Every structure is written in C-alpha cells, then in structure tokens.
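A short write-up of the structure that comes next.
Chain lettering (A, B, C and D) follows the sequence in which the chains are written, and residue indices restart at 1 in each chain.
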Amino acid sequence: MTPWDSFLTEQDRAVLTRGRFGRRMGFGRRPAVVVIDAQRYMVGESGNDAAWPSSCGEVGRQAVACIARVVRAAQARAVPCFFTRFELDPEGTDIGVYGLKRDLLHSPHWCLAGTPGAQLVPELVPGPHDIVFVKKKPSGFHGTPLLGYLLDRQIDTVVIVGGATSNCIRATVFDASSYNLRAIVPQEAVFDRIPISHAISLFDMDRQFADVVPLQQVLDHLDMRQDESATP
Amino acid sequence: MTPWDSFLTEQDRAVLTRGRFGRRMGFGRRPAVVVIDAQRYMVGESGNDAAWPSSCGEVGRQAVACIARVVRAAQARAVPCFFTRFELDPEGTDIGVYGLKRDLLHSPHWCLAGTPGAQLVPELVPGPHDIVFVKKKPSGFHGTPLLGYLLDRQIDTVVIVGGATSNCIRATVFDASSYNLRAIVPQEAVFDRIPISHAISLFDMDRQFADVVPLQQVLDHLDMRQDESATP
Amino acid sequence: MTPWDSFLTEQDRAVLTRGRFGRRMGFGRRPAVVVIDAQRYMVGESGNDAAWPSSCGEVGRQAVACIARVVRAAQARAVPCFFTRFELDPEGTDIGVYGLKRDLLHSPHWCLAGTPGAQLVPELVPGPHDIVFVKKKPSGFHGTPLLGYLLDRQIDTVVIVGGATSNCIRATVFDASSYNLRAIVPQEAVFDRIPISHAISLFDMDRQFADVVPLQQVLDHLDMRQDESATP
Amino acid sequence: MTPWDSFLTEQDRAVLTRGRFGRRMGFGRRPAVVVIDAQRYMVGESGNDAAWPSSCGEVGRQAVACIARVVRAAQARAVPCFFTRFELDPEGTDIGVYGLKRDLLHSPHWCLAGTPGAQLVPELVPGPHDIVFVKKKPSGFHGTPLLGYLLDRQIDTVVIVGGATSNCIRATVFDASSYNLRAIVPQEAVFDRIPISHAISLFDMDRQFADVVPLQQVLDHLDMRQDESATP
C-alpha cells in the first residue's frame, strides 16, 4: 500500500484508470543522486524543534538516515551525488518574491548564509565524485549548474531525495522530468513538515512525473549495479 | 474558509505559525494573465466524459466559465493574456519521458496535434494583445518563449488560471515565483481531476509561492485598473 | 589552412599558444544535427537578392547544398535532425527588444509568419526521425524544447549547420557547449552575410566552444557510423 | 568612427543598409551593471603576463580602469552591480566539455577556485546593493541566479562590462537580449586577448543585439539619472 492510498476515493481511482496514469518509468542506464536541501534548518534538533522555525521535526531526522543510506550506496559504486544547499543572504538581497510569502527570519537556525542552520546535516559527507552547490529557489535546477553537471556525466536518471516533499522535491521532480530525465523518489528518503502535503505530493508525482518507490528498491538497484560492474 | 482548511490538523497549523508561512504577495504594478492548457481534452463534454480520457469533468467546465471572466476582464483593460496549449506529436517523437508514465493515447479526445482535443475551449477567444503558444511540458515557461514575452511587457505579476492544479498550474507557479514574478491564483479558475490533489496543491502554493485568492478579488483588481487608467 | 588564419598576427598566435586554446573536442557517442534557420529569407534568390532584405546571397545558397548533404547523411543513419525556423508575428507582438535594433520589415521575403520567406528552403526535407520547430531568438535552445529533445535521445554531440554564423550559429554553439554538449561546426555548412564576421566567428568558436572542421570530416564520421552499425 | 569601421567593405555596408541593421536600442527605465569575469587571471600583471596563461594583458588592465568608473558611477546612484566570477574546481569536476577545448591549467594564475587568479581585481569593490556570484559557463545567465536578481529589481537594461569581448561578453549579450533586456556595451570597458576578435565581436553585437557605445555615454546616462532623482 502506498502512502496515499487512504486519501483516494473510488471516483479518483476510476479517473486514474480511465486516463492510464501512473505507469513505471524505471531506471535508465546511468543514475545520479540529487540531495535537496538536507540541511540542519530543515530537520532541527530532537526535543528543541521550537527553536528551528522551518524544522520538519522527527520525520526529517528519520529521512536523513535513509538519505545517508542512499548516498553511501551511490558513493560505493561511484554514482555521483549532487547536494543542494538553500541559502539566503542575511541582508535579503537575494530572497526575491519569496520574501513576500515568508518573513526573512533573523535566526541562526534558518537558512541564512553563514549560520549553522544552512549547513549540510553532518550525517551526509560528500565524496570525491560529488558536488555541493547553493540554490536560491525550490528546484535544484533553477539558476544552478546542475543540468550541465548531469549532461556532462551522461546521466539519464536522477534519484531525488531530501525535502521538503511538497516544495523543493516537487519542483526538482518537475524540472527533471521536463528535461526528459527519469526521476525516482525513494519515499522514505523525502520528508515534509505537513503530513498531508507529503502524502499528496508523493501521489501527484508518482501519477505523472516520477516513480515513487520504496527505499529498498533504490538500494537494491544500486547494489545490483555494483554486482554487474564486478562481473567480467 | 479556504478549500484546504478542513484537511489541516492543529499540529499543521502550529507548524505554519512557527515558520511564518503564507503571507500575501499582493499584486505588483503590471499584471498579465497566463491561461494554462484550457483545451477541450481537459474538460471533456457533459454527459460523455468517459470518451475523453483526461477530462477533469464538471469541475473543469465550471472553471472554464471563471477563466473566461478573468480573460474578458483582462482584455477589457489591455492586460495581455498568454494561452498555452499542451500538444503532442501523434507519432510520439516529442513526448519524452512522459511517455513512460502515460500511454500515448491514440484518441482524438486527448492532446494530440491536429485533433479536436488539442483545441482551446471555444469559450476563450484570444484578443489582439494576446499570444497563444504550444508547450510540451507542465510548466508554461519550460521550453517556451513565455518568459521573454513577460519581460518585454515589463510584467511583474502573473495571474495563473487553467489546469490541472496539481500538474501544470503547480509547475507554472513554481517557475513564475522562481523568476521572482508575483503569482496570483484565483481559486475558482483552476481545476483538477482529483479533488484532494486540487485542494492540497492550492494549500501548498498559497503557503510559499503564490497567493491563492477568490476569483472576485482578481476581477476587482482588474476593474480597479480600468478606473485608474480612465482617470486623467 | 583555416578560414581565419590570414587574420591573425604573430602576437595573436603567441597568446593562443600560451593559453593552450583550441584543442579538439571530437565526436562523442551519439550525435544529432541541428539546422539553424535554413529558411528562404536567409538565402534569397539568385539574381534577385536586392528583394530579400536579410539574404546572405550566394554564400548562403552554396552552404544550403552542403547542409543538405549533412542532413541526408544523417537521415541515412537515423541520426535525428532538428530544424529551427525563425519566425516573427507580422504584428510585432513577439519581436521584443530585437525590434529596437531592426525595423520590423513588412516584406514577404523576411521571416514573418505565413510568408514565403519564413519557409524552410526546399532543398531540406525533414524525415521521420526529425523535428521542425519555431524559435524566436538567436539560439536554437532559447525558449524552445530543443534541449529536452536532445536529452530524450541521449545525444551528446550536436552538429550545428545553417546561419548566420555570427548570430544564430554562434548563440546556439554557446548554449550547446554550456550544456556540456560537444559542438561540431562543418565550416562549409554555415554562412553569414558579412565575410569577416563569418571568418572571425568561426575562429572564436573553434578556439573555445566547438570544433570547426571541414564538411568532409563530418560526412566521413556519419558514414563510418553506418559501417559500424552494419557490422554484426 | 567605430572600432570596426576599418574592417568593413563597401559590399558589407550595402548589406547592412539593405537589411536595416544596427538601430539604437537606447536605455530603458531601470538599468543594472553586469561585470563579467573582471578577475585577476583575465588581466595578469604588468611586465609578467607570460606567467598568467589567460591574461588579456595591457588592454585588460586599461579596461579595468574604465569598468571601475562605470561601477562607481552606478554605485553612486544605487544602480545595482552584479559581478560574475568564473571559477573552476581544481579537480576538474565542473569543467565539462570546456575541458576538451582547453587544458585544465594547474596554475595559481588561472581561474581555479581558491587561487589568486580567481579573485576579483582589487580595483572593483562591490557595494551594499551589489551581488557577486560564481558562474561556470561563458554567459553570466547560464546556470546562475542572475535573471532572477534582475527581475526582482525590475531591471530592463543591462550595462555589460568585463571580458573577454568575444567569449563571455558576447554570450551574456546574447542571453540578455534573448530575455528581452536592453543591452548596452561601453566599448572601452570590455576587452579581449585577440584584437580582431574584440573588434568584430563589437561590430556583430552592435548590429543586432546591443548598443556598443562610448564609455562617456554610459557615464553621462548614469550621471543624468542622479540629476533627475535630485530634482523634486
């Protein structure tokens, strides 16, 4: 059962069947992992989330453990990992219209450049094949060199992990599939601060733009690649 | 009350308050209307939706009436309207990875180039200030000249209408706000084939990327502009 | 000898050597052909160029014959060809700032939509693997679905032909190499209305962003691919 | 007389007249300055250019003085300045296909991250309205947040300075005008390592995509803005 099954009506299921939505994309030939905003401000700290204004709380911390498994599995097979960090200038020069929807929060626990909140979570350690870069907008592709990095490595499949599911994951999935890259989302490795937004975003992505799959399936795929490359 | 209030828990509301989400962007100085995929395949026909595989049904047809009001109000004040048409080659040459999630549907009632399904709904009549263009991906900006059209007219605010809320509207809103354009979504003028996807997408967009507002508020704003321009 | 050798000084050659410019990119694994604006308005008609305001004249017509050879060679091996057409609305709604540099020319022999000038030259016949699309700006990538088409086919190398060398070819080469695609320019298959702009643009591109090579080298490469695929 | 007049033939001039090329764009309402790659590796050091593999030499150093005048004039009127820095990873992870045209130069005097060569020239001091950002490709727009910064400030005109004229200036001008921004290039404030590439690129840009103007004209325009704003 998927995380969204319980939210659908019979009428919804009939609509999906009629339109033949939600086939499987599957993995292509060459994957990369894109880790979206796995930063301290996104996951706060246990017992003290009230001090972290954008923390996704316990679900975020659990997802980080899953993200770390994906990253380590990729690194073991030289599958490149790209880490975005969402970071804003404390003076507000680069927040743009987002500053009209959110207050610029003057907190060391938000995503301001130079604060602890903006750091990658310590569980994730970029390796020699990996690149970390800053983004200013939800999608990991928007205003960043990510697409060029992927093309240079002839990547055709992106495993997208991190958070939040309904914001930056969703925007990154839209862009990936719009560039005709296959998008795979291991469901335990993405997280959101609003449970229903998380569940319905997974559903919406899986229906049209990405394969939302159990974490184990992604780990198995990466493991299998290792076995293949070991075969003469 | 918003279309999403009933879906939120007390915990969700506390999270929103803590993070200070969901302020109002407001209109800027110069708006345009972007009409997303208001095509016959999206709204089917009354009593015969079973023959239209992607029809959003009655909610789509009701939204079209609201879209037409927005378009006419804009046209009356020379506010430009940009209409996207989502259209795919019947041979599948341009469907890309979307062809892995959906079957290419060989139906005159889907979005294939040259079929009735791909036409704009007859209720919408582009005017002399308007442009109609084809897109191949969810966002009205992706792989299209839309951004240049907006910049040429010094647009800072886009009123986004059409469907489906959780797919193409959502992707277009992400891109608009990522380009630092203000995004306004009149809630009766967008539609989706899945009710919960519609409601939660409205919520997700309103929280971070767009103002989701009653239709009347957009109509009033456009009317007010007329009054202003009539003043010497 | 290259088309630009005669324009360089000893000092220029020393600068190039010191900076180690101009290595060969070479072909990658999977090429496509991108034909830029090979339209009637670009090449006019023999003996009557005065009636075609943007005609590149005889050099354009000679290049068209070479472009046709590249296209036929590609089509013979199922290498996809993408044809851009530069086309503007006769009412000027989509010309943008270009309308500040050029007059909108009310001529059936310029690039206005619906006029003979905007048609592809008759020597080029798109095949079943090919796509023709409209662009509004110099680069074949800007505001078009081209990049997605290339990614969908896992293209890593683009053979760029058409005109004009110093405008649309140059812009397309910048974008191709910025997306980390290998760019190959067969020098007889590009053309320009200003000879020195043609020669120096070839030089500038070859130094940093593309391999500018003799036509025969591209034809040979395409032929070789055929031989390879015929081998069991 | 322009820097390119001496290179054109009578035939060239007739072609330009026939096609009505090269009108003036003029300044729009709100300008910004974009400073491209005004870094130490681009201008070397007097008497020691042999040790700086990409140095443009004395012409670069003279242009830097002009760039500094533009920047100070802009800063005096709160016109925002955006500075790009071209910077590559010393391990080659982000050089992409450019690494096929150029060797990755293991020199502290090239553009490697963390080396002196990658620093902004000391003559340029970003102010409180300014933003410095890294780019990986020729255009200041490609894979960077620049476009969003400009839209957020409702910029309609970009004054483009820096180097090299035939590479990064040219690519940035293509993108600016493709986004329908007016592009102004003060000719003494751009520079190139190859004199003829510089002259012909100025010509090519002025003909179609930008106004190439004397430095003084840009300084006067910025001064005039100050006078206007001081007028009640």
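By definition in this document, a residue touches a chain if its C-beta (ideal position, glycine included) is under 8 Å from a C-beta of that chain, and two chains touch if they have at least 3 such contacts.
Everything quoted here is computed from the prediction, not taken from an experiment.
Counting the residue numbers that touch the partner chain, chain A and chain D have more than half of them in common.
Of the chain pairs A-D, A-B or B-D, the one whose interface repeats that of C-D, sharing more than half of its contact pairs by residue number, is A-B. Measuring from the averaged C-alpha position of chain B to that of chain C gives a distance of 36 Å.
Chain D has residues 96-97, 137, 143, 147-149, 151-152, 178, 180-181 in contact with two or more other chains. Within the complex, the chain A residues that touch chain C are 147-149, 151-152, 154, 156, 178-181. Across the complex, chain C is touched by residues 89, 91, 93-94, 96-97, 128-129, 131, 136-137, 143-149, 151-152 of chain B. Taken in their complex, chain C has these residues touching chain D: 7-9, 12, 15-16, 18-26, 50, 53-54, 96-98, 100-103, 105, 137-139, 142-143, 166-167, 170-171, 174-175, 177-178, 180-183, 193-197, 200-201, 203-204, 207-209.
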